[in-house]
């Protein structure tokens, strides 16, 4: 059977989320030569751009700034990026938005999907993004669900069922986030750092997410089993699986 | 760093448990050439040998019968087997029993551990076995915890932190068992079938666990992602992780 | 006080769901002479009709095929069936759809309600159907909630609070489904089998749900208490209660 | 098949627990002519007899007082009562205590078992009693588990698998108690009242548990379905099931 | 830093909810001299006004009656009250309704927010109210989210992050309500009683919620720690926190 | 009523636990002039002293070293410290150990208790310590539970019911730890730092727990409500409540 080539799809509510929470996974995929695609549902123009609003900038300019930053960060990670411009605060769910994501799934043909977890008491846009990403993933598998242009997919157009990983929210315990998987991002971390530095308005986050990567790295070495011989400077990112893992080897 | 060679350790409350619940994982490991070791804490002589008791056999003979069956099943799977003979119904937890398991861990040096989940409303011996297996795993890592003979381990004697998987209980939902991982045991299934046939007193279980393998296989293909191209006759076993997975690739 | 005559209402997202998951309960009710009504919110025309789409059939024809199959299955079970034709993949929630269900509740006057559980990572239509079924059940009890034609109900038109049972989803553990109740469907099973055979496009499901009935039957006998004297060939279906049971005898 | 005659077994940590929490269920069983047996694991002599200690009474006299009160309450309910005198605060778990409960199960042959829930942050004796009651219930089913006198049971001596209900703890939400079942005890309530009045040292509890019965009764009528026509003065007790219900009719 | 003056905001789905569930907290705040504001999203005109419908009153008159009662109850508690008149049964969520709540938050500047918990199997309007209250609370903090009139807030107009407490639903265990906090309302109770008596159509609730206050008061004294020296007649209300408490003293 | 003077009791499985996890709370209490008492159940001589074992030191010397370090750390925090020397890896639960803790509770008369949470997959000694601390707290309240010397307490000797807080484990999400309360330890942090520096063998932990205090501080300011005006350099510790909070003001 023909293998689908590796393809990582990241569905991000706002322009910066994919950098802080999944930058390591994205960069690692790109470094391995895998395709990596980020979809930003909004620019985070209302809810995550306080400094620009305080500086008196108008809405359109803020959206341009956030878009340029996200583009630069995606470049630093080695990923493609698309912007759906659905608006934020609130990010409204709609059949039309889900349909656009169905088109993305069928075009990108992801072998791995990353998105927000389903709970976040601090930001309702994050679960809304996750619900749309999950619904579109199911719809894109169905041959009876049309594309945006009204045409129907062929058997080759529909997708399989890629695994979904939730990336770590800002306040994990309050968001019912319990890591199922600790990802070694040591080699990818310089790219993640470069991407974070594309987001100058949130400079205090650079240190915060570096420190988190160290902490997840410490846990990673503690959970790493008998052999891995991981060095002390291991950096990590935490993920939750939404579906059970499928494998032919327990490890 | 020197790699620990692959070594699977299975801690089973009674003589038959490892066959029904983890026979596929054990056989698959053996087929790959990995070491596989089963530790039976008891023979299941009181709680899982009703037909022998009804036939009027004495306790010692029942234990011999169960031991011989378990030995044959382990042979069929390609695994070594040890018997701690701690008694069942109830399987009592004790520091001495845990110490014996510490010795096993240090000798076997597992890279993967399988045991029962921590809840089972139908059989208290199963969680008791899991608690001892988990406690011994932690103690065996400590250089300050002596061996059974009173000697202290060297730095090379203590073990790392192998991942632990809970195998599927007989009534999964009642035991808070939710699969985190579906293992493809298609190639290993003939060995599992041969091992089940070493346990003639529970003939009705042969069909039951074959049917379960089919069902877990169906779920496995449904969760298998875009590429795997799994055939319809896929057989599976379900597992829960007790610790987060550690990896350098999301898949 | 006048007794409401027994009346079973089943709210099903797609045309086939009620057969696989609740066919035994429906047939058993009909065999006892109770009224049984199935409401299909959609035909499953997009999400559960892959073989027809692959055969190149147009949407309307697929809907007709699914409708005819569901009608035949309901006949085999002994149930009435209604189709709301709300569309699937996605099944959209709306006040209008809920209002139509309010009318159904007031007309059918159910003494027992069956529907999907509130979580299903594999199919978002199922929880959407459950949410609408539950909301309509509450609204139909209120004398201040009008009927679809704008008229207000009398005291006799509104309904009481029938118990709700969730039937078993395709992947129970992933859908947070833990059985609260195991239903003996041994006598009803031939009708369920006949109903399943009205759905020829999903022939592999016949065996799957027969095997599940056997497994739930085995669990049923294991949980059946000291007296029931259930034979080995007992067939079962599993259900979750959404509200506490009310009874005057513990049993 | 010969029916086991109805027999209710209540395992109570202290001398008063069965009255407050399950007095309605016990009296209702007795009123129906069923056998009802209470086993008090301790007299509650240390932890629930503060007024006697304050009055300067010695331990033995306190035990006699509590025993006489519990005997009178059991008489008022129509139940037999046995005292294992295992000590309280703490109630220690031991293989010997479990063995004595195995004997009780085989003698009483319960068709329904009531005991404490498995969590109680306010009183560790309650979960300890529940763990022993549950373990003994499993052991009593095994033909390979001997009686206290060393003899082995025959096929007719072992018991089936009676359903287990947890009765309501004093602080339900803190003890993870969520009612699965609301029991109508309206007719039995006068006997429960009489039994409560056998416990004069806890007079304030009479009103507390009367008020609770009213509240559970209100919930019962709200959850009672379309027919039951329950009067406003319905009294109730709440229970949780530990095992799934088995039935041939959904109701 | 300038302190925000104490200001309690209560978001209530229907006209009576705030009285039964949070009347003590509201009265206590008013008695301390704090500002207290209730927002009723609907009058409960359809779902909680059965006696008026039975008396044949038209919709508008019922809304007037409920409004007058709620106004009187708020007066008795010492609170301001606003009515959004969004309709009930069902209370529909919409961006417009959330926007109106954003305006309320920015005007009232709450230091504490009370609302319904996020689950209620008996009444879907309650969770809908909570979801809107929580979403508006987040949006009102963002400088990029406009006011209803299209103007943008200044830095001084946006709010901080007030703690949110869920008040107790009518059937707490079924609604996943587990008290995190027990509030002493002994001194405020006379006002709560007076407010309850402003709702004559639900006279049976007066006794019900008085009895609940006694029960929560008993639990309060049992959990009150070594010093509080609470009298037996303590009255209480139970609350759940949605966010972690922030403090500089453990107590 | 006479107030119990503030008294903080910390029950720690090993000699270092109280420093890393609760050092801020202890120092803050001492700084306010409250009594603070730490009870170390073991020295952590086997499980948390790897470097000493590697250096070839004998057991007794290791215990002395750990004791001296813990004494110095307690001094730095301003707390008294007691050592029960129960042994670690495993820390065995026993009635005798619980009795010794009962004596401590009656002597120290805590108004706040801190201990480990009830789950920790990485270290079974921690939950064992928590179970004993919780059991002793209940027993110490009972007038019928004797002291270690066999004498019975008077009414004045028994204690009230102090609140219990679980401090943060090393891998919080894996230990089902979700913060209910964020404690501001900014002023106390220099003392905590000094105490950490008394534990030279775990130097890498100094940075780790400083970084954690920063992170919990960031979350604290994010959850701090509208007024607190907390500076950016706020340091925090996270806690879970085991019992509901009791208060007369919502805040």
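For reference, chains read A, B, C, D, E and F in written order, and residue numbers begin at 1 within each chain.
In this text, contacts are C-beta pairs under 8 Å (C-beta built on N, C-alpha and C of every residue); 3 or more make two chains touch, one makes a residue touch a chain.
Quantities reported herein were computed from a predicted structural model and do not represent experimental measurements.
*Asks:* Which chains are shared contacts of chain D and chain F?
*Replies:* B, E
*Asks:* How short can a path of touching chains from chain B to chain D be, counted in steps?
*Replies:* 1
*Asks:* Weigh B-C against A-E on C-beta contact pairs and write down the one with more.
*Replies:* Of the two interfaces, B-C and A-E, more C-beta pairs touch across A-E.
*Asks:* Which pair in A-B, B-D or A-F has the same interface as D-F, with over half of the contact pairs matching by residue number?
*Replies:* The same interface as D-F is formed by B-D.
*Asks:* Taking the mean of the CA coordinates per chain, how far is chain A from chain D in Å?
*Replies:* 53
*Asks:* Quick check: how many Å separate the C-alpha centres of chain C and chain D?
*Replies:* So the centroids are 37 Å from each other.
*Asks:* On chain A, where are the residues touching two or more other chains?
*Replies:* 122, 174, 179, 219, 222, 243-244
*Asks:* Given which chains touch which, is the overall layout a line, a ring, a star, complete, or other?
*Replies:* other
*Asks:* Using the touch rule from the top of the page, what pairs of chains touch, sorted by label?
*Replies:* Pairwise, the chains that meet the contact rule are A-B, A-C, A-E, A-F, B-C, B-D, B-F, C-D, C-E, D-E, D-F, E-F.
*Asks:* Tell me, which parts of chain A touch chain C in their complex?
*Replies:* Going through chain A, the ones touching chain C are 95, 98, 134-135, 138-139, 142-145, 152, 155, 242-244.
*Asks:* What residues of chain D sit close enough to touch chain C in their complex?
*Replies:* Listed in rising order, the residues of chain D that touch chain C are 1, 3-4, 8, 25, 28-29, 32, 109-112, 114, 159-163, 165, 179-184, 219-220, 222-229, 238-239, 241, 243-251.
*Asks:* In their shared complex, at which residues does chain D touch chain F?
*Replies:* 45-47, 49-50, 53-54, 59, 62, 89-90, 92, 121-124, 174
*Asks:* Please output the residues of chain B touching chain C within their complex, sorted ascending.
*Replies:* 122, 171-174, 177-179, 208, 211-212, 214-215, 218-219, 222, 232
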